[in-house]
């Protein structure tokens, strides 16, 4: 309400010429906002739509499942899509447990105190690390110091560090959304804090939690800078390209898009790049839709709320 | 089934199934983007014939390849240049000869240049194509990064005593460079035959009257060429040696990708 | 029986606490390690190779293999590109957020919200690819240049990248402002524009500031999109239409090439450390300043 008190003298008397000029300003500003917003949003959507159209011609069953070629046209991105999912799953395996536990701790247990402040500050600082710098950290630790060289697991661990803060924030928000009455009722029935958190609060929050996890997964799927120097950027050929060994190198789709342009060793670079871009865009859409749908379903299932 | 039997079965499957998907041998190669097409084509064929081997090939430039193989991050370091003195432990396997061409965008109107003209263009002494016999078009120089082996060969064979070049637009891989020259009016750069021979929208320039062909390289008339080296850290393992020999003898792959087999060369050089 | 179960519950409680605290501790250890490793490797150029920090920060001659590591071109490039992104994308994003929150009809706003959220998630490599194939040729045509690479292209691409984030978060921040504010302001005779500028935006200022901060964070750290459209010429840019370079793009281009243990590699790590300090410092400073204001 303090803002209103500050604004009042400026708002002032609604009389005579002062009022008219203020109304004109209002109308101009409104028009400007309408024009600017429509233009920008339209441009953004056109930008993306154009890429859809450009990439559509590249899409075929062979493109999506076939292997890249060594210098000839007609290669596919099958192994790259496989690697993207593989690294995503590895990353989630590490990120979700750690972040959810940390989020639970900060939200439910630590009421104040220095440890909580330190953890919160660390998480905020971790979130400011640029992805390329995180990739270099991964290079120093996993590739060099551990002597693993380029590995899928090195990439996954680097991505874990990159996404821990986001995942923790998702957990905290999901837990905060659970009404206090749930906690009180549970404790009133004699449950310990841990039993309350595990059996009452977590299930109620599972909807928003899942939505958040899937959305962050979408971002992990598209990550590039942190993976180039940890999981590597090299293509393998033939059947052995579909490789489940986490200690081998793994080029993902996003990294592959960058590399295919950078190396330009096949004659149909544009076709492959546009096709890859389209697949990435579609995956972002899919992750978004799944996040919402699954989140809503889980909320209904576990809390009975619509 | 009893509970423990079920658990044992699950544990066994979760170990066996993924291990069946693991390739038994893994060979990694990195380095020169000029040599990359040859290594990739050979790797593709080799893996069709030996499905238990996984070969991964990447670029990054000759110096990257040398640095990675020195630190044992990869098995094979592909390079357009000799490893610097003092790289103990690196074993050189000369696998091919490759020619490089200076490429220009057709808007320049140029089909041939002398070495001196090339030097003047890249040191930015000449800025318009009309000063070297072409059309009135501004010259856009595209260089390779300092780590590029192709650039090192360029400096050694065409640049004479000049050791540094002024900074200009830089693109780092063979393919990207050729694309950029094709898209930019009046652009000039240099790349390996494997990237330039079949490229559309660029003109390969003759140097001192010699056209950029394999035949001219073989008889030594065309100066811009180098040996392609694959370095291993120490003597190669059995699997790696098998692959290198396969690559060296695969005439079909050489023909397909435009490289020259060493046995076809009529001249030899010791410092490339 | 009850006593046994209660003891087990208490033991579980203690184990749970240990597990949760350790997971929280991971964050602290992680950031400490990252700072440590990067500080060690990032300053090696100075205490190991005895290169002058002044020459590094202000020198303009960059020759990786030749031993000259003047990083000023990259620092300048990063600052200009990020500055452009904030100056264009910041106000524009907030304005559009205002539009969706206050001016657009409810149905239009709710139809566009998911679209904006999808735009937030689009990978930077796709933006870079679009910038390279659509924006750079467009700039070349409009300005009659052979090549459209440069800081203008980078600035525009970065603005486009941060727009959805700024729009979405500003809109959220404004939505939280209670309707009583809007009604009260109108009752006092304010026009809608005056309500927005003098009442709502100040009220939502912390949320809007967070939106802009996240935009800045993304712009400073953006690597690929910038590398694809900047042209990568290690010179001090004299015009927005000349090829230039930035800290992030130089690192990603040359990190693989620099031999281990060389001055070149140490210089690249020094650039990475500098980038970390700028990014971290800027954001934490702004957050701190905001917290003090409220």
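For reference, chains read A, B and C in written order, and residue numbers begin at 1 within each chain.
By our rule, a contact is a pair of C-beta atoms (placed from the backbone, for glycine too) under 8 Å apart; a residue touches a chain by one contact, two chains touch by 3 or more.
It should be emphasised that the depicted structure is a prediction, and the values quoted were computed from it without experimental measurement.
Asks: Per the definition of touch at the top, where is the C-beta contact count highest among chain pairs?
Replies: Per-pair contact counts point to A-C as the maximum.
Asks: Could you tell me which chain lies farthest from chain A when each chain's centre is the average position of its Cα atoms?
Replies: B
Asks: Let me have the rounded angstrom distance from the C-alpha centre of chain B over to the C-alpha centre of chain C, please.
Replies: Spacing between the chain centres: roughly 36 Å.
Asks: Any idea how many Å lie between the Cα centroids of chain A and chain C?
Replies: 15
Asks: For chain A, jot down the residues that touch at least 2 other chains.
Replies: 144, 261
Asks: Going by the touch rule set out above, which residues of chain B reach two or more other chains?
Replies: 71, 172
Asks: Among the residues of chain C, which ones contact at least 2 other chains?
Replies: 256, 260, in rising order.
Asks: Please name which positions on chain B make contact with chain A in the complex.
Replies: My answer: residues 18, 21-23, 26, 28-30, 33, 36-37, 40-41, 43-44, 47-48, 51-59, 71-74, 172-176, 178-179, 194-195, 198, 256-257.
Asks: In the complex, go through chain C and note every residue touching chain B.
Replies: My answer: residues 62-66, 137, 140, 146-147, 149, 231-235, 243, 253-254, 256-260.
Asks: List the residues on chain A that touch chain C in their complex, please.
Replies: 1, 3-4, 6-8, 10-14, 22-23, 25-26, 29-30, 33-34, 36-37, 40-41, 44-45, 47-48, 50-51, 97-99, 101-102, 104-106, 109-110, 115, 118-119, 122-134, 136-137, 139-141, 144, 161, 164-165, 168, 192-195, 197-198, 215, 218-219, 221-225, 228-229, 254-255, 257-258, 261, 270, 273, 277, 280-281, 284-285, 287-288, 292
Asks: Spell out the part of chain B that touches chain C in their complex, as residue ranges.
Replies: For this pair, the touching residues of chain B are 60-61, 63-64, 66-68, 70-71, 138, 140, 145-147, 164, 167-172, 180, 183-187.
Asks: Across the complex, what residues on chain A touch chain B?
Replies: 69-71, 143-144, 149-150, 232-245, 248-249, 259, 261-265, 267, 269
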